[in-house]
Structures are given as structure tokens and as C-alpha cells.
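Before anything else, here is the set of structures, which you'll find just below.
The same chain A turns up in both complexes below, where it pairs with chain B and then with chain C.
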Partner chain A sequence: MSKQKLIPIIKCTSRNRVIHLTVIAVGLMTLVPFVLNDYQISLGTEVMIFALYALGINVLLGYTGYVSLGHAMFLGIGGYGLAILSVLWGWPVWAAVPATFLIGAILGGVIGFACLRVGKIQFLVLTLAFSQMLSGAFTKLKATGGTDGMAGIPRPDLAWLGVDSWNNDIFYLYVLTFFLVVTFTLYRVLHSPFGSVLVGIRENERRMVALGYRTGRYKIGAFAISGFVATVAGLLLAQRTGFATPDYMSWSYSGEGILMVIIGGMQSFSGPILGAGFYVLAKAGLADITDEYIVVFGLLFMIVVAGFRTGLSGLIKVILTWRTRNERT
Partner chain B sequence: MNALEIIDLNRSFGAISVIEGLTLSIKEGQRHAIIGPNGAGKTTLFNMLTGWLPPSSGSIMFGDKSIAGMTPSRITASGMARSFQINALFDGLTVRQNLRLSAQALHPSRLDVIASFNAYSDIEELVIFNAERMALTDYMDKPVQELSYGIRRQLEVALALTSEPKLLLLDEPAAGTSPSERLRLVNLITRLPKSTTILLVEHDMDLVFEISDRITVLTYGSVLADGSPDEIRRHKAVSDAYLGKNHA
Partner chain C sequence: MDFFILNILNAMQLSMLIFILAIGLTLIFGLMDTLNLAHGGFYTIGAYAGSQLAINGSFWLAFLVSPLVAGIAGAILQRFALQPLASKGRSTHLDFALFTFGLLFVIMGGAEIIFGSAYLSIDAPAILKGGFAISGVTFPYYRVFVIFLGLTCGGVLWLLIDRTVLGAVVRAGVADRETVCTLGIDINRVFVVVFALGCAFAGLAGVVSAPIFGIYSHMGASILVVTLIVVVVGGLGSFKGSFWASIIVGTFETMAQAYAPDVQLYGLYILLALILAVKPEGLFAIQRRIA
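And then the complex of A and B:
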């Protein structure tokens, strides 16, 4: 563990290994609806939704080096965006979904522009303020049902494929499609020259400015991408539960997102996915035993922060490296 | 042709005037050093030239462009690059990645969101070329954290050099180095081609006299003396004010 895994430019894992693991993971994820029971499938759906959410947060947290304490607002924007466009205004789902994504990205850019003009601490407070403001507004807003939120969030009509998106298995595959497309696109973006600029900003913003980068623009871009990905998660979450409520914008959801990223390992691309998987599954498992699951996560968080900064993804990497070494000898 | 022309530059902080009516020109292809005792205004001048501090008044012409008050990133984009007195590197990244960030800073690929970060061969070439110039090729895939201080100083200069500036500003490049590290650095800087104009701010007198072919002595924010190293060495007021009465 002496060498910390650095993102995105150093790869400790070889390219082939990444491809192998990805193919295996995607294969297993596709099999889920065919082998597991209904409850497990719906947990799988939840894992993917929160994995997207955590991936979005990590664009800022792990790559650019900014902590947003208000990212749950994009969960809300995703849910309410779809709810308002489709339920209130009667847009068809196929138009409301991409429009919501676009709104998420634009609001991400705008809120990013407002929050990124200050230092990192102020940024943290401003993002929190923005999300509280938004959740406060939706709590009061009568048109969107106030505290109760809005019900009847539509899912897409997939009759042309001969399937029903209200079917648990089909909805899982629907979410899986979004998950794969967004994840692979995000992977490309973060490993592009643009992505390396974000890492440069994380490592030393002052030097980036001296090298000629107008860092403000890249940070706004990062916030927009981050907001977009979290909006996708928020929309899927609303489609899963059928509700859009101010709850989804609460600071506790923001905190849980950060928790997922840190437990999974913010120094790697896959960390947030692992963290979200662990979080959702452990929460479901613990909920059977105790209501106080958050205590367990608190402890885990402390362990990761104190002794194991690379999180779950770091742990897996150590095991893989160790196995490779053993195979060679 | 002057690479840089500073005319009647002023900067004050409150009631304290740090740079007062400074006029100075730097010829193309020259290695020009600015020296002066602590508080002479070297750092303030440096920060104004590189855009980190706006001047109170006066003009700075870089080629035929007025750069006074421009932002640091725009000044760099117009062809001036600086190194830092205290290392400002990307500590978590390798030497190669550090240089790559510099090489792509003014390259259109920086906005590419789809291609792999190492897809551009012209950037990779620029990285290798400048790594060779600053003797860093043996350390390419080492993270900065694992480098010795001397090598880090070389990288500090290489980062500025990799953006291929017309004018290279070095802020105390040898600060904190050991004698052998210093010697290495002097050799590397001396070997740079004359097409790159160098403006150097330095405390280390030996280094200044070795590298530069013109020296400006700054005291209390204005020019005390300006001339070749020999002229400066013989200059009475300079040796009294700055070099100490026993020097040379």
C-alpha cells in the first residue's frame, strides 16, 4: 500500500485486466434478472442508481478535488424534472427524460458557476445552501405537492420492444442500460485530456493557472458533468419509487453519497460503484437486524479515513496484485 | 528587439510603495538577471510580470502586446512561462504526467473529452524533448513525491519550459539546492538555446554571474544599476549596497 493509486493518469492495473474485469462484471450484472429473486433484483436496481449518483459526486470529489455537500439536489432535480415535465405539463416520457438530463447539466453548470468562484470551504457551504434552498422551495411549493412530493412518475412505454417497464426484471435492465452507457461515457471523459486537466486542478490549481489553463471553465464543466450524472440517478430513482419528494434533496442524501464514494475509494474510477454497492447491500442486510445502520457506516467511515484511504477499490487492488505476484512465483 | 519592456511601473500596497517608476527592457535571446536585497521588490515585480498582481500604474509590453493587468493564464498563453520559487508541482503525479499537463495546456487537445489522454503524439514528443533538456528522462514514471529535491527543482523549470515560451521567467531556480544540485541546474539552464529569452530572479550570486549576460540591480523598487556581469561586479554602489564591501 505504499504507492497510492492515482487517478486518472496512472494505471496500476493493466489495461487487459481492466477489460477482463469489466466484461465479467457486465456479464454478471446482465445475468441478475435471470438468476436472482425479485427482492434481490430490485436491490440490484438500487445499487446501480446509487452507483451513478456516487460516480457523479466523485467527478468533483475524487478527480477535481472539490467537496460538494449539496449533490442530493441533483437527485431532486432528476426526480422533479421528470415529474413536472410529464405529470404536470403532460410531456411524453421520451421527451421528458432527455429534457430532464439537459436541465440537470445546465443547472449543474449554473450552480457550479455560482459556487466555484470561492475557496473550497466556501464551496462546500454554498453547495449545501443551494440544495437546502431547493429542497425548501419544493417543500413549500403547492403545485408539486409540498412535503408529500409528487406521485405517479411515469416509466417509459416499452411496448415496441414487447416488454413492460413496470416489470421488475425489465426495469432492472432499463436501469442497467443507463448505467452502462453513462458509466462508459464518463470513463472516457475522465481519462481524456480534459479529465487530466481536472486531476491537475486537484493536485495544484495555482500551477495549472500558471501553465495557461483557465481553470474556472474546467471546474464549471466538471460540476456540469457531475450534476448531469447525479440527475440521471435522480430520475431513475424517482422512476423506481414512483415518487419525487423533497426528501431526495436532503443533506443526508448528500452525505450518504460522499460516504459511498469514500468507503468505495475516491482515488479510483470504480470506487464509487463498489461503495454504492456495499452501502445499499449492507444497509439492506443491517436493516433486518437494526434500525441504526448509520452507526455501522459511521464506524466504517472512520476506519477507512483513518487507516485505509483507498477504500474498497484499494483493497481489491491489493488482493489482485498479491494474487498476481503469487501466481508468478 | 526587446522581448519585454517595462515602462514607469508602479505598485504600492497601501501607503507603502514597493515598485517605484521602474523602467527596464529585456532584449531577445538574453539571459537577464534581476538581483537585489530582500524587500527590493523582486517578487512583486515578478508577480506583476506574470499576472498574479496587477500594477498600480505603468505599462508592460511583451513583444508588441500590453500585458499589464492580464490574467496569469492569458499571459502564459501569449508566450511567457514562469517557474516558482517554492515548488509548485503536481505531487501525486509522475514526471511524465506533470510535463504532459504543461505540454497540452496550450494545445487544442486540452478540450478533448473522448480521446485517451496519451493519444496525441505531438504532446508526447514535446514531453520527451523537454524532459531531456532538463535531464529528467530517468525519472519519467516516478511520482513527484519520490523525487529528490534537486530533481524536483529541475522539474519545476521543465514544467515552465514545456509550454515552449518565448520568455522564460525563473523565480530563484536554485533556491534550497545543495552545491552539486545547483551546479547541475546551472549547466542545464546554460545549455538552453538562445531562442528562449530568460529572465531570472535569484539570490545566489554565483549562479547569477554564471548564467546571465545582463544584470539589473534593484533597490527600493527601482533600478540601482544595469549592465553586464563585469560592469555590475565593478559597480561601486552595488558592491556597497548589496554584495558587501569585501566582495571581489
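And then the complex of A and C:
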């Protein structure tokens, strides 16, 4: 067998360049509501929500090297958490939202503890089982509407800012705020020593143990963070559609999440964001042409896994370095 | 009491169907350390191939040829996709699981494009029509046939693994792949044969299940989940484990459906979590060297 080429997680791209690109990207994203039409803005909102979801999955898949086939359960936890707290128990939205995030993180830790006691293959099946368990339970639960799920998910009352969150533009900016805060925090966390330990676990866990790291705790931490970020996405998704249904926990949502990460490029921070953008936009485009977009994505998925492990983010990086080289000469 | 006996028979029938699928997956995993998530896809291929063959021919033609179709498809996948990837040094766990996961999507979507989303079915053969009565409720002969088929498959595979040269090579490959290579055996060729055999079992399960459960494009996804649970509960790569886990899972599913339908949707997963909590490696884990 040939020697495997390791892809370092911390890129050598200069710091300035990253900051420049980020500032430009954030600037463009803020401009969206003022430039594009209603449908495009709503697509943009969807992209950011699924980008958060994919970022969450990538903490496990790309950084720690664990495939979770059940991450859609956190989409459900985010949606149902908010629905149960606000609709059933009558909590105000400003309290229900952070409470849901907390629940997501805690459940992430607990489920992570249960799933990480076993090997990687068993992990894959066990995460799938947990998501099926939750979706089955919510399908049966009468209080949350069974198969139909719950409607009337509240959005925050932004009257004190003089705006209405049911307005498409405002909701876009609301999601953008969450997106930026979570993404920035996650970036800091994953580029801290903690993130490096996760990469170490991915590359060689036994060596990390030999170095004295309690890898079990780090992995549970990674699962909790991953679950928390996906919960944020789930909550925003429920607020966007106004529904929380067991459907959001189905394994096709888990599969689509993995699809986004792989297409965008796992093992890079920006990959899941690009992948989610590509996936949501291509799905919207393909749905007009063919009903069976899933075949196209499946093929794309296989090609990326087989030939271009760095995905879209790798492609962009190649273009950037090529340009830099041309500028120098 | 008669209701109970009927349920036991149904449980055995479901167990054996799952068992045929699970031994295919176990065979591939045991030797090659590859988790083939497209196993549900080969089950789908077998079922659709069977439905086409049964239209113009008979059930028995479908029964004999569809496992071949699935097997050949599996051999092609192993020879032209997985093997080149493995020689490039790809992890058989992470990358292959993802690659075959993508393939599962392609097969399910492809089936829907070609055959539409309608339910298809295969008629049970004339000789197995009808059934015997247990206090007024008929138990079809066809289901008895499935039970015996499952046991036969298990027996044949046991003979193959335990009593033939191919079996000896496979067992040696599981224990120590490098030494097998040094002995002058082309392990890649063995891999192709084993992969094809594993997929053929999936195809067989597909065509056999068609008269009972029908054929639809996403049939592979739900059965894959159950099969994965069986393989993990039994202990990865263990045939004995697959057998007992199939019986546990099949019985649990059938009994839950009969006596506690509310539990059926999630009971199995709780069972899985409990078993893995006590035995993280499954019931009959095989000992592997830690490289």
C-alpha cells in the first residue's frame, strides 16, 4: 500500500488572506437582502441554516474522523425543543431559544457518551439508531402532534428594534447573526489546542493516548459541540418553516448533511459552508430539471470521495494558490 | 396460544430473511474489513432484476438469476472501484463506508428513474401457493420456504467456509492477510469472489422478500438499517453472531408488531443501545490483532 498523504487541518494560507476573504464574504452576505429578490433571499437563509448543520457534522466527520449517520436528530431536537418549550409550555421565545441550545449541547454530550464507547463502525450504526429512536418516539407522541408534528413555531419579537422578524429580509439578517456568531466561535474552538487534539485523534488515536490525552473526553466534547451547532441549525430551520416534524430527524436528512460536508470538502473549515451552499442551490436548480436530484448528488458524492477528497474548498484553494504563483512570477 | 405460534413462525421467517442479508454483509466485513453500506442497494438490484425476470419467465428463473446479477454488480464494484481505491491507501472504514453510502443513494434514485415509484411484486411460485391453517389463520407455505432457505444458506456458507479451500483462504485472510499474500495467493482475486458472494446473498434476499414485502425504490434503506443492527449486535464479522442476532431482531420486530405496535418504531433501537451498553463489541465479537 502506498503511503497515505495526510492533509493538515491548519492551513498555511496567510492570516491576512483569510481575514480579507472573510470580510469580503461577510460584506456580500450582509448586502443580500438589499440586492436580491424574495425567493433568492429565502434560499440564502436556507443556505446559512444548512451550512451550520454541515459545520456541526464536520466537527465529527472531518476533524475527529467519526461518521455519524444520525445527526438529523439534532435538527429535530432544535425544532422540537423550541416547539415544546414555547408552544406547549408557553415559555417566552427569548428564554426558550437559549434553553433549547443548552438542551442540544447536553443531549449531545449524553448521546456522545453512549455512542463513543464502541468502535467506529458500531458508532455509525448506534448514531443512526439514536436518531431513529427519537424520530420513532416523536412519531408516536400524541402531545407533539405525532406524524404531523407541531405548527406555529414562534419567531423572536424584534419590535424593540422596530422590525418584524416575519419579514423575509429581517429573518435573513436574524439567521445571518446566528450564523456569524456560531461560525466565528466554532472557528476559534477548532483552531485552538482542543481542535488539534481532535485532529490528532483522527490521525492516530493510540498515539494521542500514549501522549497522555484522555481522548474519550475530547471525543465526547466534540460530539457535544457538533450536536450543539446542529441544534442551532434545527431551531432556525423550524423557525423558518414554522414546523417541527419527525421528518427532520429522518436518516435522509442525516445523509444529506454528510453529502454537503463531503462535496464541500471535509477536513477544512470552510468546506461544509461551500458544500451547503452548493447543495441547496443545486437542489433548487435541479428540482426544476429532474425529480431525481438524489442520483446526481450520489454520483457527485462517490466522485468526490474517490478522487477529490478536498472537495470544493480544495478546488478553490488550488485556484487561489495558482493565482498567487502567477502574481509572483 | 395459536396466535403465539403464528407469531413465532412469522418471526422465524423475518429472522431468516434478515439472516440471508446479514451473512452477506458479515462475509464482506469479516474478510475485507469493508463496511458495505450499499448492501441495501444490492438487495434492491436483486429484487428489481427478479421482477423483470419473473414477468417473462417464472419465479424460479428470477430466484436463480437475480443473485447472479447482484453478484456480478458487486464484483464490478469491488474490482473497478474499491480495489483501486484500496491500493491508493484509502481507509477501508471511513472512505469505503462513505463511497458505498453514495452508491446506495445512486441505486435507490436510479431504481426510481427506471421503474418509477410504484410498488412492484413477484408472484410466489405455484407450488408454494396456499398454506396450512392454524386455528383459522393460514400460514403460507412460501414463508416456510423462506425459513428453510435461510437455514440452507447458513448451512451452505458454513460448509463453504469450513470445508473448502476457498473457505480456508478466506479464514486465513481474516486472521492474517499479509501471510496469505506471501504464500502466493492473489488476495485481490479472493476479495472479488467474496464481495460478489456477499452481494449475491443480498440479491437473493431481495428476490425472496419480493412476494412478501413487495418491491419499491427505497426498499434498500430500511432493510439496511435492520441488517446493520444485526451485524453490530452479533459482533462484526461473526457468522454465529449474525445468526443469533438475526433471530433476536426478527423475533423482537415481529413480537413488537403483534403485541405492542407502539413500541415497534423505536423498541429495536433501544434494544441495540442496551446490548451495546453491556457488550460494546457485540454478542460474539471475533478477536482481531491490533496492528
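Odds and ends about this structure:
Here is the rule we use: the second predicted complex is superposed on the first by the 319 of 329 C-alpha atoms of A that agree within 3 Å, B and C clash if a C-alpha of one lies under 4 Å from a C-alpha of the other, contacts with A are read in each partner's own complex, and residues count from 1 in each chain.
Simple rule for what comes next: a residue touches a chain if its C-beta (ideal position, glycine included) is under 8 Å from a C-beta of that chain, and two chains touch if they have at least 3 such contacts.
This one's a predicted model, so the numbers in the text were calculated from it and none came from an experiment.
Contacts of A:R325 after superposition: neither chain B nor chain C is touched. When chain B and chain C are set side by side, the one touching more residues of chain A is C. When the shared chain is aligned, chain C comes close enough to touch A:I262, but chain B does not. By the touch criterion defined above, A:R207 reaches chain B but does not reach chain C.
With both structures placed on the common chain, the touch criterion links A:P193 to chain B but leaves chain C unconnected. In the superposition on chain A, A:A137 makes contact with chain C only, while chain B stays out of contact range. Residues 3-4 of chain A contact both chain B in one complex and chain C in the other.
The touching residues of chain C, counted against chain A in their complex, run 29, 35, 81, 85-91, 93-95, 97-99, 101-106, 108-110, 112-113, 221, 225, 228-229, 231-232, 236, 262, 265-266, 268-270, 272-273, 276-277, 280-282. Of all the residues in chain A, the ones that touch chain C in their complex are 1-4, 65, 67, 114, 117-122, 124-126, 128-130, 132-134, 136-137, 139-140, 251, 255, 258-259, 262, 292, 294-295, 297-299, 301-302, 305-306.
Note for the complex: chain A touches chain B at residues 3-4, 6, 8-10, 188-189, 191-197, 199-200, 203-204, 206-215.
Note for the complex: chain B touches chain A at residues 50, 71-74, 76-77, 81-82, 84, 88-94, 97, 100-102, 104-106, 109-117, 119-120, 143, 159-160, 163.
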